[in-house]
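Have a look at these structures, which come just after this line.
The same chain A turns up in both complexes below, where it pairs with chain B and then with chain C.
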Partner chain A sequence: MRLSAFSGPRKGIFSFMRQDAFSKCHPLTNFVFFVGAIGFSVVFQHPLYLAASCAAGAVYLVLLNGKKSWKLIAGLVPVFFLLSALNPLFNSYGERVLFHVFGKPYTLEALFYGMAIAGIFVAMMLWFNCYSAVLTSDKFVCLFGSLIPALSLLLVMVLRMIPNLMRKARQISDARKSIGKGAGETDNFREKVADGMNILSSLTDWALEGSIVTADSMRARGYGGAKRTSFQIYRMTARDYLLLGFSILLAFIVMFAGGTEATYTPVLYIAPPGWGLAAYCLYLLIPSLLHGKEALQWRISISRI
Partner chain B sequence: MAHFHIQDLTFQYPNAAHPSLENVSLTVEKGEYVVLCGQSGSGKTTLLRHLKNVLMPYGKRSGSICFDGTPLEQVSQHDQAAKIGFVMQNPDDQIVTDKVWHELAFGLENLGTDPKTMRLRVAEMASYFGIQDWFHREVCNLSGGQKQLLNLASIMAMQPEVLILDEPTSQLDPIAASDFLNTVRKINIELGTTVIITEHRLEDIYHSADKVVVMDQGKVIACDTPRKVGQLLWLQGHEMFAALPTPVRVFYESQGAGDCPLTVREGRSWLTAAFEHHPIAVAEPAPEPAPEKPKAPALQVKEVWFRYEKESPDILRDLSFAVPAGSLFAIVGGNGSGKSTTLKTICGICKPYRGTVEVFGKPLKAYKPKELFQNGLAMLPQDPKSLFVKKTLREDLAEMSRDKEAVAAVAETCEITKLLDSHPYDLSGGEQQRAALAKVLLTKPKLLLLDEPTKGLDSFFKQKFARILRKLQEEGITIVMVSHDVEFCAEYADLVSMFFDGQIITTDTPHRFFGQNSFYTTAANRMSRCVFRNAVTAADVAALYRANLEGKP
Partner chain C sequence: MRQSTLFSLLTCVVLIPATLFLGTRLHGRWYYLTCTLVIIEVMIPFFLAFETRKPQARELVTIAVMCALSVASRVVVLIPNFKPMTAIIMITGIALGPEAGFLTGAVGAFASNFFFSQGPWTPWQMMGYGFGGFLAGLVFYRKNRRRSPVVLAIFGFLTIQLVVGPLLDCCTFFTTGSKLSWKYAAAVFGAGVPYNFKHALACALTMLLFSKPLLGKLDRLITKYGMMNTRLEA
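Right, the complex of A and B next:
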C-alpha cells in the first residue's frame, strides 16, 4: 500500500552499511564491553583515566559515524568548560582560593572537581552515542529476549508501532489540509489545539483498529500456545569468545592494578598511574583497534589486487 | 479425504437481524485452488474466519466444520496454527515485529521450533520468496507489496497445508497484486498447498481456479468450475456477473458461440476463430463526438518541478497539463511515478520549486489561506480513513458544515443516509469511500481531486461510485482522478493521461488513448485488437461482435 510518497524505501536505510568490525560481533560481546566502558567512566575520577575515556570514546564515535559525530564532539567542548566552571559556584571546599564570587570562595580544588564531573559527563555522552550505534534494538532484544520474553516482544512491537503512527499522523494531517481543515489554515490558537486533538483521537482509533488485526494475526500464528523459542540471528564465534575473554581480563587488571584513586576536595590527591592505566587504554581502544585492523586488512588486500 | 468439509454451517452475529452465513455446505479437496467471490458483505470473510478456531467470530453457530476428517474444534491449537495459514487484507497491521527476519521467524518461535530447524526454514522461505535482499531491513521501510509478500512468507515458513487469503491484494497496486497472486499460484502448483482465496479482482485468478464459489447474502449460490459458474451467473442475471473477467463478460454479452474464453489469450483465439471466414464490416466503435471548442481550463499546471528533499531525485519534472472545466480527467501510470505527488502539488501540500499551478485561472500562490478550499478545491485521499476524526459519521460531516440541509443533501448524493449514525470505522471499504467523498463534497468544491478512488472496491461499489461521479459532473464539478484502475478509467473518464517519469506523456479520449496502447490498456482492448480497433470496454467488444455477426447495431 502506498500510503504516501514517504512510504517507499527511505533515504538513509543504507546508513548501517558503514562497516564496523566491532558492531558485527555478538551482542553479548558488545554489551559487556559497553558495561565496562561506561561503568569505569562513571567510577574513575582520575583525570588521566577520564581523559583516556573521553579520547577513546571520541575516536570510536568518529570511526562509527564519520562526519556526523564531529558536530556532537564540537558541541561537547563548551559543555565541558561550562560544567567545570559552574561547580565551584556551588561547592566551596578546598584550600587554594582563586577569587571570591558573591562573597563565596572559588577554589582550585572545586574547579578540578568540576572538570572531573564534566569529564564524566562528556565520556558518558560519547560512549552512549557509540552504544546506540552499535547495540541496535534487535541486538538488545536478542540479549534479553530469553530472559524476559514477553517484555522483549512488547519492545519489538512498540518499535514497530512508532514509525507507523508517525506516518499515519502525517497522512491525517495531509488529508485535513487538502480539505481546508489543516492546522496551518487558522491563526486561532483554540482551533489549532482542537485540530491537534482531532488528529490524536483519530490516530488512537486507527491504532486500536490496527491492534485488533495484529492480535488476530498473532493468534493465527500460534502466539500464546506452546513455550516460545527465539530465533537467534547472531552466533557466538570463537572470535567473540576471545574478545569477550580479553576484555574481561583487561577489566580485571584495571580494577586490581590500582592507581585509580583521585580525590579533589577538600584536599587534592591524585594517585600516580601504573599498569592499570595502560590496561584501561587498551580496553577502551578495543573497538577502535578492531576497526582499524579490518580497515588495514582491506587496504592491504586491495593493494594486492 | 476432503481437506475441509463444511456441513450446513449457519452463523449469526449477536444483535444481527439476519444470519451472516446460512446453510453453507462446502468441500475443499487437498491441493485445490478455490476462489471465493461475492459482493462486500456477502459473508466471505465470515466464512473464511470459521476455518480457524482462534479467528472464529463470536455469535450463534450451528453445523459442522471438519479439517482432514476431524472436527475443527478437536484439532489442537498448535496444529491449527501450523497447518492452517491465514493472510489478511491489511498488509501493515498483520506484521508484528520490526525486522523482516524476525517477522519470518515469528510463527516458528510461537510453535516452539528448535533454533536449528528455525534457521533452515527461515533461510528456505527467504530464498523461495526472494527476500534475501531485504532480509535485514526494517519492516517500515518496505513497500506495500513487499509487506504482503512478507506476510505470506512468514506464514509459509510454518509449512501450512492450507493457505487462506482474505482479499490479500485489495491494498496493492495492480503490478504488486499480480506478482502476489502469481506467487500464491506458484505455491499451489509447486508445493501442493491447498489455497482458498477471496478477491475482488478476478481477472488474475479466475482462470486458474479449480473451483469458484459464489456467495450472496450468506448463502453459497454457485460452486463449480469457472466456466460453469460464468454461465450460471449470466443465466441468473446476477449482479456478480459484472465482476467476472472481461473475456467471460464479452462472451456472454455478445451471445457468442463456442466455448467461453477465460483469459485474454483464449479470448483472442475465440474472436479470431469467429471472424476467420467473416468479413468485418464495422471495425471500430462509433467515433466519439469531436471535442467541443476547448473551454477555459479549470486547472492548469505549467512546467512544474518538484522533489521532496534537496538531495533526492526530482519527482515531477517539467509537468504540464490542463484540465478542461467540467470533465473527468484521469491520470494513469506506474507505481511511484509521482501521480499522488501531482495531486499534492495541486492542493498546495507539496510546493514546487519551479513552475506554477493555476486553479480557475488564478495562481495557487495568489489564494489566501482557506480561500482555496472554500468553494474551490478539495481532495479525497487514497485512504478514506484518514479523513474521519469523530465518533459518528454525522459528527464528521457536521465538522465541515453546520447547514443540516446541505449535509442531508450530500448524504443523499453519496447514498450514505442510512449510515450516518455508525462509527466511520465500522463501515465497509466502499461505504467509507463514499462517506469520505461526502465529507469532501461539503466544502462545495468546483474542482475535485481523487487519489485512487477505486482501490479495494468491488465491481458493484465501483459502479455506484461512478454513478455518483457522473452526478457531480452534471452539477459542473471538474474531477481529476489518479488511478491504477485502467478498466474504470476506460469506462468513465472523458480524458486519460499517461504519467511517466515525472511528467504527462500524452492525453487523449479513452478510446483513442487505450486503442493506441498495446500493454497499458484494458483487457477488452488487448483481447479484441486482433479483429477490432479502439474497442476498450467489454461492452464495446460485445456490441461490435453482434453488429458484425448479426448485422444489427
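Right, the complex of A and C next:
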C-alpha cells in the first residue's frame, strides 16, 4: 500500500527492543558518539580517514538494519562515482591534466578531490542512517526533554498523531470509495487533486475538533500547573559512563594526534597517518565491536544450555 | 519574555558572528559545519520564544495537529511528488501568526524525518519550511482582506520557487561541492529549479483549492474556542 512508509515509525522505534547492544545504551552515550562520528567524517578529508569512516559506517549499518541496508549501500556507489567525476568540471586547479572538457583542464588532483568530497558525502549518509536507527524519537525526547519541555511535548504529540492521521485518512478514502466518490489510479490529474483535497478537508475537521478535546483534557489533568514529570526508561549505568569516557578520550586523541591534513588542489599533499588513524578506527568501531561482543556472548550462552 | 529576548539577542550578536569568525579562520571543509551551525543558531530565538512563553494547552495541541496534518498530507493525494505540506504550513502561519507558522514548519520537517531518515538535510528543511510559514504569517496574519486564494497561490508559488526551494538546495550545495564557487552554485541551484517548480506548483494548487476551507476552519476554531487571546502582540 502507498501508506506503508507511514504505517508506523521504523521497526525499532522502541530502541530497547532492538538486538543491538549500542542501541541499548543511554541516549547520551549514543548522541555523543554520533556527534563525533558525523562531525569527524564531515571535516577530515584525508583519504585513509574517509575510507575508515565509510567502512565502519557500512559495517555498523549492516549490523543494525541487515538486508535492508545493502540497498542503500549499493545505491551510494554510483553516487560516489558521479560526484567524483563531476567535481573537476567546476574545479580546474591542479598540475596533472588528464584531458580537456569544453576547453577547460580536467586535472588528476581535482578528480582526487572530488573522490574525497564524494567519500565525505557517502560517510555522512551512512552515519546519518545509523543515527536514525539508533537515536529514535523516544531517545531524543529523553535527551532534550528537560532542556526544551514544550518543544519536546510538541514533538511527541506530532509523532503520535502522524500515524493516527494516516489511518484516518485511509478510512475516509475507503468510505468515499465505497459510495463511488473516491479517485482511483486511472483517474486524471484534476480528479485526483480534487479527491485529495476533499479527504484533507474531512481529515482537518476531525483532527481540529479532536485537538480541542485533547487540550481540555490536558487542562483538566493539570497541564501547566507544575513542572512536568516524565517517564524515564534509560539510566546511566557503569557501562554507559565507561563507553562515554572511552569515546571522548579517543576523540581527543584523534583531534590532537595530527596526521589528518590533506590538501588536493592546487598541490596534492597527504599527511602520513599516525596513531590518530588507529584511534579513529577504534572510535568508529565502538558500536560494531559492542554488537559483536554481545552477539558472541549470546551464542555462547545458548550453546551452554 | 525578557529572558528569551536577551538570549535571542545574544544569539544574534555573539553566537552567530563567533561561529562565522571561527569557521572562516579554519581551513578545509569546516565551512559546511559552520553553515549548519549558523542555520541551527538562527532557529534558536524562535524556539526560545515558544519555550519561555509557556504555551497554553489549546495552542500547543493546535500547532501539533497542524504539524501532523502537514506531514500526513503527503500521502493524501494519489499523485507522486505532489506535496501540499508547505501550503498547509503557510496556511497555519496565516491563521495563527508567523511564530506558529515557523514552529509548524520546523517541527513538521523534523518529525517527518523520524519516519524517513534524519540526514544533513534536516536543519535545512527545518529552516526552509519554518521560514515559509513565518513569511506567510508575516504578510497575511490578521489581514483578512488580502486572503484571496489567487493571491495566496501566487505568494506560495513565489515563496517556494525563490526562498524555500533554494534554502533546501543549499544543503546539496554545501555537502557536494569542493569549492564555494559561483559556477558550482549556479549548477546546483539551476538543477534545483525544475524540482522546485513542481513543489511550487503543488503548493499553489493546494492554496487555490484548499486555503479558503482550511483558513475558515482555523478561524472558526479561534473564535469558537477563544484561542490565542492571550497574545495579541504576536
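As a convention for this text, the second predicted complex is superposed on the first by the 281 of 305 C-alpha atoms of A that agree within 3 Å, B and C clash if a C-alpha of one lies under 4 Å from a C-alpha of the other, contacts with A are read in each partner's own complex, and residues count from 1 in each chain.
Here is the rule we use: contacts are C-beta pairs under 8 Å (C-beta built on N, C-alpha and C of every residue); 3 or more make two chains touch, one makes a residue touch a chain.
For clarity, every value in this text was computed on a predicted model and none was experimentally measured.
Within the superposed three-chain model, A:A257 lies out of touch with both chain B and chain C [touch as defined at top].
Of the two partner chains placed by the overlay, chain B and chain C both lie in contact with A:L159. Legend: residue contacts after superposition of the two complexes on their common chain; A:S137 is shown touching both chain B and chain C. Shared-chain residue A:Q171: touches chain B; no touch with chain C.
When the two structures are aligned on the shared chain, A:V193 is found in touch with chain C, with no touch to chain B.
When the two complexes are overlaid on their common chain A, residue A:G180 makes contact with chain B while staying clear of chain C. Contacts of A:L28 after superposition on the shared chain: neither chain B nor chain C is touched. Judged by the touch definition given at the top, the superposed model places A:S201 against both chain B and chain C.
In the superposition on chain A, contact of A:K227 is made with chain B only, not with chain C. Overlaid on A, the two complexes show chain B and chain C touching the same residues of chain A, namely 2-3, 5-6, 9-10, 137, 153, 157, 159, 164, 185, 199, 201, 205, 210-211, 214, 216, 218-219, 223-224. Residue ranges of chain A in contact with chain B, taken from their complex: 1-11, 13, 16, 137-138, 153, 156-157, 159-160, 163-164, 167-168, 171-172, 174-181, 184-186, 198-199, 201-202, 205-206, 209-211, 213-214, 216-233.
Within the complex, the chain B residues that touch chain A are 52, 54-55, 77-78, 80-82, 86, 88, 90-99, 101-102, 105-115, 118-119, 122, 136-144, 147, 151, 154-155, 158, 171-173, 308-309, 311-312, 315, 335-336, 340-341, 344, 347-349, 369-370, 372-374, 378-379, 381-383, 385-390, 399-400, 425, 439-440, 443, 449.
Interface residues of chain A facing chain C in the complex, by the touch rule stated above, are 2-3, 5-6, 9-10, 39, 42-43, 45, 83, 87, 90-91, 110, 113-114, 116-118, 120-121, 124-125, 128-129, 131-132, 135-137, 148-151, 153-155, 157-159, 161-162, 164-166, 169, 173, 183, 185, 187, 189, 192-197, 199-201, 203-205, 207-208, 210-212, 214-216, 218-219, 223-224, 264-265. Looking at the complex, you find that chain C touches chain A at residues 28-30, 32-33, 47, 50-51, 54-58, 60-65, 67-69, 71-73, 75-79, 82, 84, 103, 107-108, 110-120, 175-179, 181, 183-184, 187, 205-206, 209-210, 213-214, 217-218, 221, 225.
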